[in-house]
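Both complexes shown next keep subunit A, but they swap its partner, so subunit B is in the first and subunit C is in the second.
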Partner chain A sequence: MEQVLANGAYLGAQYALIALGLTLIFALMNVLNFAHGQMYVIGGFVTYTVYAQLGLPFVVGLAASAVTLAIVGALIEKFLFRPVIKKSVREESTMLLAAGIAFFLDAIILLVFGEKQRGVPKIINGIFNYNDYTMVMPYDKILVGFLAIASIVIFILYMQYSKTGRAMRALAQDKVAAQLMGVDVDKYSMIGFALGAMLAGVVGGLLVTVTGINLGMGGPTSIKAFMMVMIGGAGVISGAIAGGFILGMMEAVGLSVLAAYGDITYLAIFVSLMVFLAIRPQGLMGKPWG
Partner chain B sequence: MLYKNKQILGVGVFLFVIFVLIPWLIHVSGRWDFYYTLTSVALLSIASGGVWLTFYIGRINIGQGAFALAGGYVSAILVVKYGVSFWLTIPLAGLFCAFAAVLIGFPILRLKGVYFAMITLVLTEVARLTALALPITNGARGISSIPLPGELSIFGLTIIPDFSTIENVKLAFYYLAAVLMVVSFAALYRIVNSRIGHLCRSLQQNEELASSIGVNTAYLRVIAYAISSFMGGISGAIFVAISRSIYPASFPVKDSIDFMLNCFLGGLGYVFGPMLGTLVIYFGWDVLFTTGKYQLLIYSSVLILLMLFLPNGILSLRLPGKKGASK
Partner chain C sequence: MFKRREIIKSMAIVAMTSTSMLAAGLSGAFAANETLKIGFVGVTSGPAAAWGISNARSMQARAAWINETGGVKIGDVTYDVEIVTFDDQKDPKRAIAGFEKMAQEGIHYVVGPNVDDGAAAVRPVAEENDIIYFPYAFPKALYTAPASNAVLGMVANYQSGPAIYKYLMEKKGVKNVAFVAANESDPLSQREGGVAAAKALGLEVVSDNVTYQVDTTDFTPVLTPVMRSKPDLLVLSGVAPANAPQLIRAARELGYQGLISTETAQDASVLQEGAGELANGFISVGGASTPEIATDAMKEFVDRYTKMFGEYNDESNTKVYALEYILETMKANPASKENVGEFKKTMETLAAPNIYMKGDAKLSYVGSTSFGQKRQISVPMVVNEFKDGKFKTLFIAQVD
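What follows is the complex of A and B.
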């Protein structure tokens, strides 16, 4: 039992961090970022390149991932999403653009990093043994989990207390009102998108140390992120965190309880998501929409 | 009257092209491989037609891959494990998908816009995982060496001969797919221009208003979604008969997104848009195959540029009645 809870908490922390970036972008721009999983993969590959190939410390790799993705995110917002949002009349257009960007990033990853599964050397060795093997957790997983939680805390503090964070929250609440109060919509949309992409990059950099990274991980990661956002409610930060931890826990519990029946964890999760959405379409903490 | 004549003429020309001209051209040029391409286009456009119908009620559907996969598996399992005639499995696959769509549709069709898009995308992935997990689908190994379609006869009268006795199977499949495409789109055209179609259009424009004047929106949405999934199912079933195998990865997320792109590129305002869109996208993708590893890069760049300079689509620039409704 302890083992399942620990695995769930570890997964949940990662997932929450992925969902946070997605929901932030959604809240600010009403854009569903299909390319989120691909951004995560790029983050993993950058850390792999810096840490395993160049032999620099892991922290440098993580920082490189964050910075690279922040730049990529800012560029994508400025040159792709902003003009399309200004010109289009329907929300499908941005979705198609996002799908195009997801394919594009996949193509870039394929050309630059290849399609092989990549792993990095362990950041720390050893296994944490609690209560005589009732719960076993490798130290690197624990470290990664704590780093993820620390990132979430820093993100929340930043959104809550910095001027930028306040501006972004105002934008998410009501775009027109925020603009009238003198918030520079273009600037903060770009910062928000960069921040969301950066979070995806950080998770990629963290998880490459545990699960490795490969080209095919992008799509499934995006889909998991969508599920978390649906559980928690789209565009709500607390919802994304809740959704991430709930999905992490369900996955951990499902993997241990349902293992006897084959690999049906995600089927079970999806069915429960359906039932849940039938009762509460806006998710746990989402705003009801018309 | 003149307009009607023109329409009949157009349909006649279209039928002539796909049933006479294309086979003749292929026969003359000897490019037999085109049959496979065109058969795929026909089948994919049936599935895209279904997606188009969900667009028509104002929902963005990225879950058609799930129903194509389900239809394929239903057909494959019935043919291989239970020895049911392939021809019977086509409607059965469609009905299975329609039934599944009703079950799934009731809760998720309450969602709108991006939310519906998200959940249908998840559905595609769940279908793949289900196919991996269930014992009857044979897991990751899939079902392979499915026999060719057998004979279809009524009262001893042979309507369609056994495919294994036909000399040119590719041509037979091409005709099968083309006939089904024509029938599907004729049905779609009929639906759109019927009372249900007009009601669907009212859903696309303003759901609350439609329901306030007495349109049963929940019922209509589910009906449209079921028809859409039916089309996905039959196209999946025939695909399986052609490739003679099915795997959980047969219809990945990319296919679901492609179905949506087909509709969008062809124009959301036209029933026959998905057909055009599928043709353009499929051939474009095929032509880019010669560029090797840069295929995806060029394809996605074109897609992005298209969105950048024509964010409202190619033909859908003239989407009827949408101007006032959006914002």
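What follows is the complex of A and C.
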């Protein structure tokens, strides 16, 4: 049981960080960013290139992922989402745009980084072995878990106490009121999108050390991120974190307890999610009015 | 007046010269080789992209090589080879669309699809449109009569698995085995075949019901229950190259010290990057070549592929063969270019030189033992052990 809980906690930390960026973008712009997973993949490949290919320190790779994705996010918001949001009143326009960007980024990733699975040298060797393999956790996973939690804490503090964070929260709560109070919607929407993309890049850079990275990881990552956001409540930061930890724990427990019955863990999770959403469509922490 | 006549004369000479030059150019163009189109329908995007991309690139690299050296002569006509590719995205519906496109283009020979459900889905389209196809899928029904248009493009797991298990029983004292597979048709059917083969050899199967989602990124929770059964051998049935390093790494980190094997081809650089020294000892069915058996032609193919696409894929040692078989069969019987019935007849007797393998190896169709008819290409079954970033050959065998 100790192993199952440790697996769940680790999965939860990484999932929560993945979901944060997605929910931030949704909160600010009401955009379902289907390309979030592809941004995560680019982050992984950038860290791979800097750390494994160029031989620079891991932190430089991680920073490069964060900066690259922040720039990519800002450009996507400024030149793609902003004009579409201004010209179209239909929400599906942004959804289609996001899906198109996901396909586009997939093609770019294939061209630039190739089709192969990539991995980087372990950042720390060795495993934490509790009570003769009753519970084991590699040190690199422990470090990544802590870094993920630290990133989440820094993000919350930034959103809570910085001027930019307050402006973005105001935007998320009521765009018109925020605008009337002098918040520059264009500027903070771009910063918010860049921040969301940056979080995807950071988590990609962190996880490439554990899971490696490949072209096909983008779509499934987006789907899991959406599930977490739906569990926690779309557009609610604390909800995304809760959703991530809940999904991580459900997955770890399911894979252990239901192993004898075949691969029904995700079936059980999806059924639970359907029942849950039928009862509480706004998610755990979302408001019924949106 | 004279001047004017001179000008007209000059213009006429220029016009005639230009016309004759144009005519010469055109006749040169007409003298160029005709085009022979060969199709590829497989997965070149998404998580399993590596399988199809290595296919398509192998064909493209080989076609470019053939064209550069004058083309391929079939009967009295010399052709340039053109590879027409279609990404089925590992979706059977898309695979059908791909085969319909091939039929519309008049293509009779197609390499792919890469997976079981796609290969099964295209069967009616292939049979209806006279297409012979070379899938990388293992269901025996595809190759057993009344089916007759599919030709297995590699060694199947039910052919390599027993050989590997027997080797490990005899050389490493393996007594029990656990199987793990992705929750998809290919890996699951390969797991079933592996379990049956292991039982037939007298191995105790201690775990065969643990599966994982193909998009899993953390395999520790997946393997935790398997490790409780303490197997001597852990078989990763039908594992994709993207998942193998992570599974190996998770098993080793959970304290597993037994053997790990698979019956699918893997890539050494991917294993090295993803699992490093933890992958040492991992046994897989390699690409159908090793330094010991590779000819200069195989080395040149690897070189050309690498120059064309930047990086080689070890799987291409196997994937290079399908196109070679198609062309050699046509060369042996030119009527088979347009007539798949003739192609099938030639399959029974083909014995062309294998330019990729040292010795007097031949390209010949096999499969009589497994399918009751020759519906498999013969490629060397190379069983490898991964060691410090490279594959070391354990043994080489042939099907049939």
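We adopt the following convention: the second predicted complex is superposed on the first by the 289 of 290 C-alpha atoms of A that agree within 3 Å, B and C clash if a C-alpha of one lies under 4 Å from a C-alpha of the other, contacts with A are read in each partner's own complex, and residues count from 1 in each chain.
Going forward, a contact is a pair of C-beta atoms (placed from the backbone, for glycine too) under 8 Å apart; a residue touches a chain by one contact, two chains touch by 3 or more.
Bear in mind the structure is a predicted one, so any value in this text is a computation, not a measurement.
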{"item": "Overlay on subunit A: subunit C relative to subunit B, clash or fit", "value": "clash"}
{"item": "Touching partner for A:L110 - first (subunit B), second (subunit C), both, neither", "value": "both"}
{"item": "Subunit B versus subunit C as contact partner of A:V4, first or second or both or neither", "value": "second"}
{"item": "Which superposed partner A:A259 touches (first subunit B, second subunit C, both, neither)", "value": "second"}
{"item": "Touched partner set for A:G212, first subunit B, second subunit C, both or neither", "value": "second"}
{"item": "Which of subunit B and subunit C A:P281 touches, first, second, both or neither", "value": "first"}
{"item": "Which of subunit B and subunit C A:P121 touches, first, second, both or neither", "value": "second"}
{"item": "Touched partner set for A:V84, first subunit B, second subunit C, both or neither", "value": "first"}
{"item": "Partner chain(s) touched by A:P220 [first = subunit B, second = subunit C, both, neither]", "value": "both"}
{"item": "Steric overlap of subunit C with subunit B in the superposed model, located at which of 164-172, 182-190 or 362-370", "value": "182-190"}
{"item": "Subunit A residues contacted in one complex by subunit B, in the other by subunit C", "value": "106, 110, 219-220, 262-263, 266"}
{"item": "In the complex with subunit C, residue positions of subunit A that touch it", "value": "3-4, 7-8, 10-11, 14, 52, 106, 110, 114-122, 127, 129, 133, 136, 138, 141, 207, 210-212, 214-217, 219-221, 251-252, 255-256, 259-263, 266"}
{"item": "List of subunit A residues in touch with subunit B within their complex", "value": "26, 30, 32, 80, 83-84, 87-93, 95-97, 99-101, 103-104, 106-108, 110-111, 219-220, 223, 226-227, 229-230, 234, 262-264, 266-267, 270, 273-275, 277-278, 281, 289-290"}
{"item": "Subunit B to subunit A touching residues, read off their complex", "value": "60, 104, 106-108, 110-115, 117-119, 121-123, 125-126, 129-130, 132-135, 208, 252-254, 257, 260-261, 264, 293-294, 296-297, 299-301, 303-304, 306-308, 311-313, 322-323, 326-327"}
{"item": "Subunit A-facing residues of subunit C, complex", "value": "44-50, 53, 183, 209-213, 215, 217-218, 220-222, 224-226, 241-243, 245-246, 253-255, 267, 269-270, 273-276, 310-311, 313"}
